[in-house]
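Only one structure is covered here, and it is reproduced in the block below.
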Amino acid sequence: MAEPLLKIENLHAYYGESHALQGVSLEVNEGETVTLLGRNGAGKTTTLRSIIGILDDRRGSIRFRGQELVGLPSHKIGRAGIGYVPEERGIFASLTVDENLLLPPRVADGGMSVAEIFELFPNLEERRSSPGTKLSGGEQQMLAMARVLRTGARLLLLDEPTEGLAPVIVQRIGEVIAMLRGKGFTIILVEQNFRFAAKLADRHYVMEDGHVVDTFPNSALEEKSEALHKFLGV
Amino acid sequence: MDADIILKATQLTKQFRGFYAVRDVDLSVRRGAIHALIGPNGAGKTTVFNLLTKFHIPTAGTIMFDGEDITHEKPAATARRGLVRSFQISATFPHLTVLENVRVALQRPAGLAAQFWRSSDVLKQLDERAIALIEDFKLMPWLREPATNLSYGRKRALELATTLALEPRMMLLDEPMAGLGHEDIDHVVELIRKAAQGRTVLMVEHNLSVVSKLCDRITVLQRGEILAEGDYATVSEDPRVREAYMGKEAA
Amino acid sequence: MFGVPAQALYGQILLGLINGSFYALLSLGLAVIFGMLNVINFAHGALYMLGAFAAWFALNLFGIDYWWSLLLAPLVVGLVGAVIERVFLARIKNLDHLYGLLLTFGLALIIEGGFRHVYGSSGQAYGTPEELRGAVNLGFMIMPKYRGWVVIASLIVCFATWFIIEKTRLGAYLRAATENPKLVQAFGINVPLMITLTYAGGVALAGFAGVLAAPIYQVSPLMGTNLIIVVFAVVVVGGMGSIMGSIVTGYMLGVLEGLTKVFYPQASSIVIFVIMAVVLLARPAGLFGRGD
Amino acid sequence: AQVKIGILNDQSGVYADFGGKWSVEAAKMAIEDFGGSVLNGKIELVTADHQNKPDVGSNIARQWYDVDGVDMIAELTTSSVALAVQELTKQKKKINIVVGAATSRLTGDMCTPYGFHWAYDTRALAVGTGGALTKSGGDSWFFLTADYAFGYQLEEDTAKAVKDNGGKVLGAVKHPLNNADFSSFLLQAQTSKAKVIGLANAGLDTTNTIKQAADFGITTGGQKLAGLLTTLAEVHGLGLKAAQGLVVTEGYYWDLDDQSREFGERFLKRTGRMPNMVHAGTYSGVMHYLKAVKAAGTKDADAVAKKMKETAVDDFFGKGGKVLANGRMVHEMYLLEVKTPAESKKPWDYYKLISKIPGEQAFFTLEQSGCKL
Amino acid sequence: MSTASDAADRIERIGIAVGLVALVAAPFVLYPVFVMKLMCFALFAAAFNLLIGYGGLLSFGHAAFFGTGGYLAAHAAKVWGLDPLLSVLFAAFGATVTGLVVGALAIRRKGIYFSMITLALSQMVFFVALQAPFTGGEDGIQGVPRGMLFGVFDLDKPLMMYAFVSAIFLLGMFAVWRVVHSPFGQILTAIRDNEARAISLGYDVDRYKLTAFVISAALAGAAGGVKSLVFQLASLTDITWQMSGEVVLITLLGGIGTLLGPVVGAIIVVAMQNYLATVNFPVPVITGIIFVVCVLLFRRGIVGELRHWASRRASHEG
């Protein structure tokens, strides 16, 4: 079998003195959508931050298309074709919506055009010239998603993209993710909204206390519900 | 004026450089109710909160709280009246411990805030109450941990505990469930229900199952204006609400 | 007006404009650095001085004339700035900007103290370039040609800088990087390099001002020490981080200060602070500020 | 018994050229010339930088007197420090010789039995530049005055000297301390049409005024600039091109006669620069002190002070010099004009002499000084 | 969990004990005036630290209060012949008024803006001091009498003066400690952490900040007043912006937000100034180097690093 698109082995990550990830290993194949599930504080966000290099105090190995990312400065990681939608959205206050949208440079061909993006998120088009953080919480979330779709990155790291969104928008985001999946994007999705994630994912990883404790394909969801209940309370 | 109405906003309007975020909103909240404010993203819910708690100055309209006009009051003064909010994006005191976070809220009502000549030992008298709240929110293991070290979800829980500590007459909760893990949601719902006894709650929430479980009355906002109002059943039947907010598969 | 002949008034306004040119250039550099790095560059005055000294060295050691210095000195100062950024500022970039202020304050002390130790305090003379010697009689005053040149040069440089920052993509990167450098970097932009270049650019502006100043003032280690405080006030009045604000305010306050020198000379050094206090009362974010 | 001398002055600040480490060299020369020992003991020299802070200065002085056994402190540029140290010296019964500080209060209302003031003071500058220049034709004045006590005093004294000599004052403008741009004030001075523009300021303010005056064609337009507190050190920094035509008063110039040249050249050899009146004055003061110690046969402050006041100075620096009871060293002062680059024949050839001012005219008499001793 | 911070506190308590012993012994070993100067600066820095360490407000114009206090005490003692204690109280009062005006303007802005505004306003105070007739311009107010405390104790006697200064110093330090460890101090820290949240909890944050600012100004004024009695002079140096920089240096070096930091910082800076004065190396350069080294290598300052070390050790053991 070919090497997976992303292969994490024995990853440790630290916030100062606190040892947040304690030997995480996981793999994501090209075109796959996997979720990271787990309670608050399990280390899901930390895993994403370690991949993209925002958290650089990390040890172990993260290989993307065969390239080692640990030790690489984060702009090179971004350039390698990974898009990141952070948990706290990361919209820039001093930039307008337009500027926010155009900020990330294109890293590969095949990104969406601005027109396509506005079609997807009509709210944004109306507010194009207002400062980024003057958008409502949900609008900011849309902007954060929209921003990486432009770049052409093929691996997307989405940290709770539905948090704080109206049900209609959640559905819209679900459709977007499904569409991206259809186009062959690879997606790592961190979600609290388990029902939402279950509809989109190929595979799930369950995290707890900085470890991966379980992984299973979406098809095995039924049998696993017992175990999941224990870990997640769902 | 109806004595049953604790908060009444009339013709509330907020304009940002020609853009109406809130327009002619009439909102009445009954004493003792759990009232939800829902609506699509960008509808103006947070803005309404900001107006009610004086973080924004309304372009037009009046706000009456408990029969008094508070339209031009300072935010801190409004908070002291017992109209207290939480924030949509989590708001704790990051370098204070969990205990201290909660205690800060207790200090003002207890009259232990401005004394710079007394020892902070007097604050110990607040610990018991603070710890009770912290226990409720399952934050005991982090009692002396600075808030910054908590995960996102726990920060939300802490923020809620802090708000409750004020024993506000009316609480404004901006998406209290956002970021909370599934396992915690039911628990927080219970906490809110318990906290709501004897006080009024106005909350913004996107989690409709929470809204349906908790709220007596719902106001739906769209593009800054009121779209519908009523109990959950009425509102969720409304085709305009379904179209604008809930989408195809509303519960 | 107040018994001062209109003629004299024109003269004073013109002189104010010349001073304003220095304020504008210096506050512009400060604003760029503050806006992009969130650093209050206390070393700005010292680097201004360094610019003047660079021109003086160039002339006295290598025989390089004024015009080349105008080009080279800012480069040298920019290079020094790049080193400062890489060696010092880069190490504290994630900290409260209080530390940036303290660090650059320390650097200013070192640079100025060192120069004072070696070159004394009364300064060195730098002559006006051949082409710009002499003066023109404007009717209401004798205007040294060199000073006219100062106004033109500073206007050109100010507006070029403004254009780059407000109207190009680079500017958006810079503003975003101010807020959340890690995220911007994660998008694939080489933020550390960009920051170094920005700091270098900001101080190069100070170096440029220094060269412009050399023929007018004594080239002295102390020339930036007191100027810097006034320039801070200019930046605050203009609205910190606002590029256009600092340019316009620079010229404006130069003129106002010039007028004060006629009507109430003692107050001329505090008039800027008084204006600052008034502006802050009326508009806390400064005249052109975007708010906190 | 050893004799220990301390040179306390500004070695890193605005007055570092005016006095600074060059004064230390001058003191060393004096000690060497004296033979290195007195009263069968070595003469030692200590030095410190008071950073223009009176508290730092008086702390060091105190330590010197109490622990290090210093007998005399000299130089003391900056009035506030000089006044503070002089007060302390009185308490400790030692000797101090102020050279670099200007204020005439040192031998006026703040005088002490043990304090001496050597090279110049505000009064001498006023009389020298104001009086002598007015007499030689510069009879209408305009002042650029630094806006604080020192500036006022200098302006007031000079204005009086101008009027006493039949001149008139056409106006004055007060400028803030540490001002960079003087064009505005210069323009006002220019339009006043006064023959002389008096600079009642100091340090960088003075040099910048002079430099900018050249740009606006003030000196070439026929007006004269008078630097009330400008010395060779500042002229050197400015260069002749900017400073030409400037009129100053100093208590010493190296190229006046054989004696002054001899000292100047020796100093130049050691330091690479010619001395100004502060450096030469430090030499003179230290030398006079040592002679007095020798003559008195003791370092006891009362005896030495008495001897210092009894003995005439009259060295290359203090021509016709004598010391008044208030500690004022009265000596000849010189009104000098800075040469044009064409007139200057060799390095450091900066001044031509306009007139000599006898000490009795330059300085207050004991009665005038207001010293109550 | 609390053991870590307890260990840190223990270190500081030991420091305080050592300091008290040293305070008693010092006049017999060191120069009383040197130690008194040190106490003035320590108190000044402690007042400054109250603002920055606990309120998160970096005032870059604190010399305005220190200097104002100095001039007022000097004037009161020399011209009005007030009792030394009253002179110092008058200094504190004057600084309070100045602090009220400066503070009311400055707290309208946050962060670095706040620093710049305090700096600019302190420049205005400087110019007043430079020009006001009673300050004596660059000569300063000289020959200030130390006077008789309560008409009984002759402060011209070094040990008397020492006792007087020590008493005020200890009182001032206690005041700082009390404010920090008071309900008010807790709210101040909370405001520093998250101002919007504090408002939403009903706190009038501007009033808290202003109160902190004024307390700090008053203490700085008292320190300046004592200093002018110790040195018997008040001069411009104490009111320049370089002096404001110096107090930042002292606090940074000793440890921002620690109780003993300002004292340790003052000892080092004052001793260094005295020592460097006599070697041929430019003082500003050394000062600058210390700034840079502190910021780069030990931001917590000396006391802060010690506390950190103690708490780490404790948490490793515990």
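Quick notes on this structure:
Letters A, B, C, D and E mark the chains as written, and numbering starts fresh at 1 in each.
Throughout what follows, a residue touches a chain if its C-beta (ideal position, glycine included) is under 8 Å from a C-beta of that chain, and two chains touch if they have at least 3 such contacts.
No experiment lies behind these values; they were computed from the predicted model shown.
Counting only chains that touch, the fewest steps needed to get from chain A to chain E is 2. For chain pairs A-C and C-E, the one joined by more C-beta pairs in contact is C-E. Among the other chains, the CA centroid farthest from that of chain A is the one of D.
Between chain B and chain E the centroid-to-centroid distance comes to 42 Å (mean Cα coordinates, whole Å). Chain A and chain B have CA centres that are 29 Å apart.
Chain D and chain E have Cα centroids separated by 37 Å. Chain B and chain D have Cα centroids separated by 74 Å. Counting partner chains per residue, chain E shows two or more touched chains at residues 127, 131, 282-284. Interface note: chains touch in the pairs A-B, A-C, B-E, C-D, C-E, D-E.
Within the complex formed with chain B, the chain A residues making contact are 18, 39-41, 45, 87-88, 123, 127, 130, 134-139, 141-142, 160, 163-171, 192-194, 232-234. By the touch criterion stated above, chain B contacts chain E in their complex at residues 53, 55, 74-77, 79-80, 84-87, 91-96, 100, 103-105, 107-108, 112-120, 122-123, 143-145, 162, 166. Within the complex formed with chain E, the chain D residues making contact are 11-12, 21, 46-56, 58-60, 62-63, 66-67, 78-80, 83-84, 87, 103, 105, 110, 147-150, 152, 176-177.
Touching chain C in their complex are the following residues of chain A: 52-54, 73-79, 84, 86, 90, 92-95, 99-100, 102-105, 107, 151. Across the interface of their complex, chain E is touched by residues 34, 38, 40, 88, 91-92, 95, 97-99, 101-103, 105-114, 116-117, 229, 232-233, 235-236, 240, 266, 269-270, 273-274, 276-277, 280-281, 284, 292 of chain C.
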